[in-house]
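Next come two complexes built around subunit A: one with subunit B, the other with subunit C.
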Partner chain A sequence: MTQHLPILSIISLFIGAFIVALIKEKNEMLRNTIVLIATFLSFVFTIMMYRPIILEGNILTYWMGNWEPIKDWAIGIGLEVDQLSLFFGLFISLSIVLSALYSFRYIERETGKDKYYVLFLMMSASVMGFIFTGDLFNMYVMIEIMTFASVALTAFRNDRPEAVEAGFKYIAIGSIGSSLILLATVIIYAQFHTLNLAQLAGELYNNYTAITIFALALMIVGYAVKVFAVPTHFVAPDAYMVAPSSISMLFSGIVNKAAVYGILRIIYVVYQSMNLSSMQFLLVFWGTVTMFIGVTMALAQHDFKRLLAFHSISQIGYVLTGIGLTTALGITGGLYHALNHTLFKGLLFLCAGAVFYATGTTDLDKLGGLAKRMPQTTLIFLIGAFSISGIPPFNGFVSKWIIYQASYEAGYAPVTIIALIVSVMTLASFIKVAQSAFFGQLPKEFKNVEEVPLSMRIPMWIMAILCIVGGIVPSTVTKYLITPAANAVMNSAKYVEVMMGKEFASKFYSNLGSAPVIDYKLAGYWQPIAWLILFGILLLAFTLVAVLGGFNPKKFSYADEEDAKYDVFFSGESAEFSHVGGSDLFWGLKYQFRHYFDFMHKIHSGLVNDYALSVVLTAAVILLYVFTFVR
Partner chain B sequence: MKDEKSLFINIVALLILSFMAFYIYKVSIDTGEGIKITDNITPKMRVADRFLKKNVLDENSTYNFSQTAEDTSANIVTSIVVDYRLFDTTLEVIVLFVTILGFGFVIPKDRRRILKPSVILYRWSPILMILMLMIGGYMFINGHLSPGGGFPAGAIISTAVLIGVLAGRKTVNHKTLKVVEAIAGISIFGIGIASFIIKGVFFQNFLTGDKIGDLFSGGLIPVFYALIAFKVAAELSNIYFEFYEEC
Partner chain C sequence: MTKIFILSSLSLVFVGLYGVLTRKNIVKILIALNIIETGINMLLVAFGYVEGGITPILQSDLSIANLDKMVDPVPQALVLTSIVIGLGTTAFALSLAMRYKDTHNSISIRATDEEGVNV
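Presenting the complex of A and B:
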């Protein structure tokens, strides 16, 4: 039974999608039940793989249709689940379940729900398949399903023109990325006459020719488009903003993570370019640029979800930097941050969805004072914001700390400094969101908003609790999840050996059976529990002061009079109860860096031609770089 | 248009068509080459033979890489597409499904009124449809013996549906197509699960022991091709219904 688990967790989602397609649109109860059962089954099957793979250290292989390799030559499709795949699979299948649970009430007022759930399940299934497969072309097909389903779900609210526009942009850019991956796949197949990843890894071991390097460059650019690394990121904010929040969560939580997995699998396991300093520099540089530009753009946004989208880009920069360092510590940090990013960014997108559900807008200039009306959402949002900004007792701090330490130890001290600055700017922009959306003056039209229903709060609470757990017991999480995955990244010989047999592997590798030792010490004197206690004391003191009326002696009131006094605050004067608009909070910073921001606004022109050009230029630059430096 | 008249014209058209077909057949027989509709001579060379230098009728001849790899289908391309890499093929069909479903969102529906088609199209569309359906059916039934297969067959069948729409005739409606699509999709995975129950491995060809080159050979390959053809036909026919709304 154990060996069938990977295919079962993929297939249950696909069958669920087809059954949902049969159900009539009106029959809501049955459809929700089937969606929940399919996603939950997939999650359970993934969980069941935990014991054999991570605890016992096995690698599951599965040949579809029993087409096992003959004479060391794979002709069928093989699935291979190692610790890295399972690590990604665990949190991806969890976020699929949570997103499905959240969707039921969130999109109840929309039309086209039957299509929504079909596409939702198709996208989830393709991501699971992408993570668990061991075949290059199968990866491409899964990416194709993923891209088209994402495009369709982006344009789900197609009564809004910007949704259709974002869908069109996404399909243009996404297709370019897919084409690059397909071209690389074709080149590799023409060169080696096989598509099996393990066999390719063996053939490519210390065997870099001009053709394989060409394919490598195309793969890097293709997956960078999927991961929305910086010069190719332009479409991401548009898509994340207009998609329903349950889908935005999946975009940043699973589609992006699948591309990160693709980079790890292709560059490190198949191409084994771990020890090439040129490749390290490329990823670290790219990641640093991505995190910096993402966060500065996020500072300038005044839409809740658009801001989150730019933060998503920025946090992916951390992940790229971490895995680019290629030290044990760096890969651990990158993987930990990938996990944390799924949790806290999913949480924040769900908060944005809750705000949209309650008020009908995500524009920060129009929102305000929702903390009185939606206390639980506010609390959850604060947990997410603290996590993403890296405040100690939450999980973001741990992974960011590991990345700082790893980059400093690897000799990239400037990267550490930039990462710290980016973290501060992240906090700044979330202060802006908290101030504009949840605190301050409650606008008159929102005085009747209510807390979101329970089925939407449950997924948010689960993620919030996981955020706290990841910050309090980092050593347990590292030991039982991250270290095995990092080990699998660094040990591609075992990947080949399990899939293709010992004879095949021993033709290429001389160091079979010797796993790399992951040994590092976390620097610093921080104790998570102590930080938690300190945080609790501070929170208690803050609450006490607030309850005793230390901050705001006058009673809370919403503006119920048509008075210019209660309008959005635009100028530099300070007045009682006046609400500073979201875009004006950091006006000083924005003024000082106006040339930079003007330049960035000009680049984000909204024209799909420019965006496509930037992707092509990126491809050209990466090709030049890879051909010049990678040996 | 009255029914008796249209029936009469249809019969006349069919007669003309059958006469033309007979004439072509006669001429080809007379020239000596002939179109062999029924072939009693057992062919010695098949497609696989040409590509892989393997005599498919000889039990002892082997495929380049293995002894057992190609033991089902006479057409090696079909073996690759529907047997070795069946999972990929299924996923490709799903790509088509997702694309057509999703583009209904990206390109909102237009309202469209069908103009009254010309009499010629209206009369001839059933005949053309019959021919197209026959060719499409032939292609997916013989997919494991000769070039062709589920994808082109589905495309041809969907063209027949489209001609019906253009000619203003009622053929199939939106809901039927959706049901066909979903049932074909479920069946593909259902057979995959059936092979799990019978053989213990997903997507394994569990019907074996037939003679290569026969119509009913290749195990599950013709079954899968039929399902793929129906699914592709339903998906491509759906393009019209996804983009236009009749009023």
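Presenting the complex of A and C:
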């Protein structure tokens, strides 16, 4: 039974998709039950792999159709689940279940729900398949299904012009990314005549020729397009904004994570190229740029979901930086942050969805004062916002702290400083959201909004509780989840050995199966419980003030008057009536850095040509870099 | 022979990229994306090509004796998968384009004079 678990966890979702396609619109109850069963089964099968793989340290392999390798040559398609795959698989399948649960009420007013669920299950299944596969071409197929389903779901509300437009942009950029991955796959196949990851890992061990380097560069860029690392990120905000929130959550929670997994698998296991300082620098630099540009763009947004999308890009920057550091601490921080990002960003997208469900808009300029009408959503939002900003005792603090520490120890002190600044800016922009959506004055048209239904609150609460758990018991989470995965990342010989046999692996690796021992101390995290109590008191005070109306800014009708807010010194009548709107909380900062923001607004032009050009330019730069420095 | 295949397929990739970067008509962009895909598929087939090769089916003693001369069958299987994926993507993208026409009343990504944009 155990050896069939990987394929079962993939196939249950695919079968669910086909059954849902057969049912169509006929029976809504039956359809929802099947969606729930399929996602839940997949989750259970993934959980069942926890004991043999993470606790006992085995690696599961499964040859499709029992085509086992003959004479060290892989013929069939293999699935291989090691600790890294399972770590990703666990939180991905969990977020699939939660998103399905949330969807039932969230999209009840839409038409074409059967298609929604078919695509939803296809996307989930392809991500699971991508995580568990041990075959390079299969990775391409799965990521293509994933892109395809994501595009269709982006354009799901196709009566809205911006949804269709975002779908088109996503398909154009996504296809270019997939084409790069396919091209790299083809080149690698032509060189080694195999597609099995383990066999390739053996063949590529210390084997840097012009051809393999070319393929490496294309692979990195291809997956970077799927991760939405910075010069290729333009399509992400457009897509995240218009997709239904349950899908935006999956975009940042599983689609992005799958691509992060792809990068990890390719550079750590297949190429084993992270011992080169040039590759380390590339990832750390790229991650740092990504986190900085993501967060500065987020400061300038006035749509709830678009702002979250830019934060998603920024947080992925942390993950890339963490895994780029290659120290045990760095990888641990990166993986921990990947897990945390799925939790808190999923939570925040669900909050945005709840606001949309209740009020019908996510425009921060129109919202306000929802705390009185939707207290639970507000509380959940605050938990998510504090987690993403890295405030103790929430999970974001732990992973960010590990990344600060790791980057400082690895000698990247400027990166530590930038990461800290980015964290502060993240908090700043969430204060803005809290101020303009949940506190402040309640607009008249939202006088009668109600809290979202229970089935939407349950997934939110589960994620909120997990956010707190991840912050209070970081050492347990690290010990039982992150460290095994980090071990698997650093020890690629074992992956090869289990898949292709000891004789094959010993041809390439001198020391087999000796996992490096990771020991580190999580400094700076003394008393989580004390922090929690402190936070509770602060939150209570905050809520009290908000409920009593302390944050209500005076509304005035002089908005059209000449604005004095950009003057260095201002006072008197004009300053009295200078209108600082909810989304305009950081006007001073924006004004001081207006050249930077003008430039950024210009390059986010919304044209497919420009977006494609940025992908091509990235590819060119990475090719040049890799050919110059990777030896 | 293989070199010609490789060069022509890579040039197809670049032609496609040029199209994606310069065209404003979304149908033309989709065609350009298709050209990129075709180029890569052709590359895949070219890599499996053996000059004067025989079909990769074990049917007689002669074919077993000439295993080296067999054409590699794997790329052809892969290219079929790739073509099917491309077909799905294109069909969906074209339906998006129709939808785009309905909502934007144009098939241009920006108001231009390019020919064929105003339908």
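Brief remarks on what is shown
Simple rule for what comes next: the second predicted complex is superposed on the first by the 585 of 631 C-alpha atoms of A that agree within 3 Å, B and C clash if a C-alpha of one lies under 4 Å from a C-alpha of the other, contacts with A are read in each partner's own complex, and residues count from 1 in each chain.
In this text, a residue touches a chain if its C-beta (ideal position, glycine included) is under 8 Å from a C-beta of that chain, and two chains touch if they have at least 3 such contacts.
Given the structure is predicted, the values throughout are model-derived calculations rather than measurements.
Once chain A of one complex is fitted onto chain A of the other, the partner contacts of A:G76 are limited to subunit B, with no touch recorded for subunit C. When the two complexes are overlaid on their common chain A, residue A:G167 makes contact with subunit B and with subunit C alike. Contacts of A:S175 after superposition: subunit C is touched, whereas subunit B is not reached. By the touch criterion defined above, A:A612 reaches subunit C but does not reach subunit B.
Contacts of A:N66 after superposition: subunit B is touched, whereas subunit C is not reached. In the superposed model, A:F504 makes contact with neither subunit B nor subunit C. The larger set of touched subunit A residues comes from B, when the choice is between subunit B and subunit C. When the two structures are aligned on the shared chain, A:L183 is found in touch with subunit C, with no touch to subunit B. When the two complexes are overlaid on their common chain A, residue A:V151 makes contact with subunit B and with subunit C alike. Of the two partner chains, neither subunit B nor subunit C is touched by A:F214. Overlaid on A, the two complexes show subunit B and subunit C touching the same residues of subunit A, namely 137, 141, 144-145, 148, 151-152, 155, 158, 164, 167-168, 171.
Within the complex formed with subunit B, the residues of subunit A that make contact are 4, 7, 11, 14-15, 17-19, 21-22, 62-67, 70-71, 73, 75-77, 112, 115, 118-119, 122, 126, 129, 135, 137-138, 141-142, 144-145, 148-149, 151-153, 155-156, 158, 164, 167-168, 171.
Considering their complex, residues 137, 141, 144-145, 148, 151-152, 155, 158-161, 164-165, 167-168, 171-172, 175-176, 179, 182-183, 186, 189-190, 193, 195, 607-609, 612-613, 616 of subunit A touch subunit C. Those residues of subunit B that touch subunit A in the complex are listed here as 65-66, 68-69, 83-88, 91-92, 94-95, 97-99, 101-108, 178-179, 181-183, 185-186, 189-190, 192-193, 195-196, 199, 201-205.
Listing the residues of subunit C that touch subunit A in their complex gives 13, 17, 20-24, 26, 29-30, 33, 36-37, 40, 43-44, 47, 72, 74-75, 78, 81-82, 85, 88-89, 92-93, 96-97, 99-100, 103-104, 109-110.
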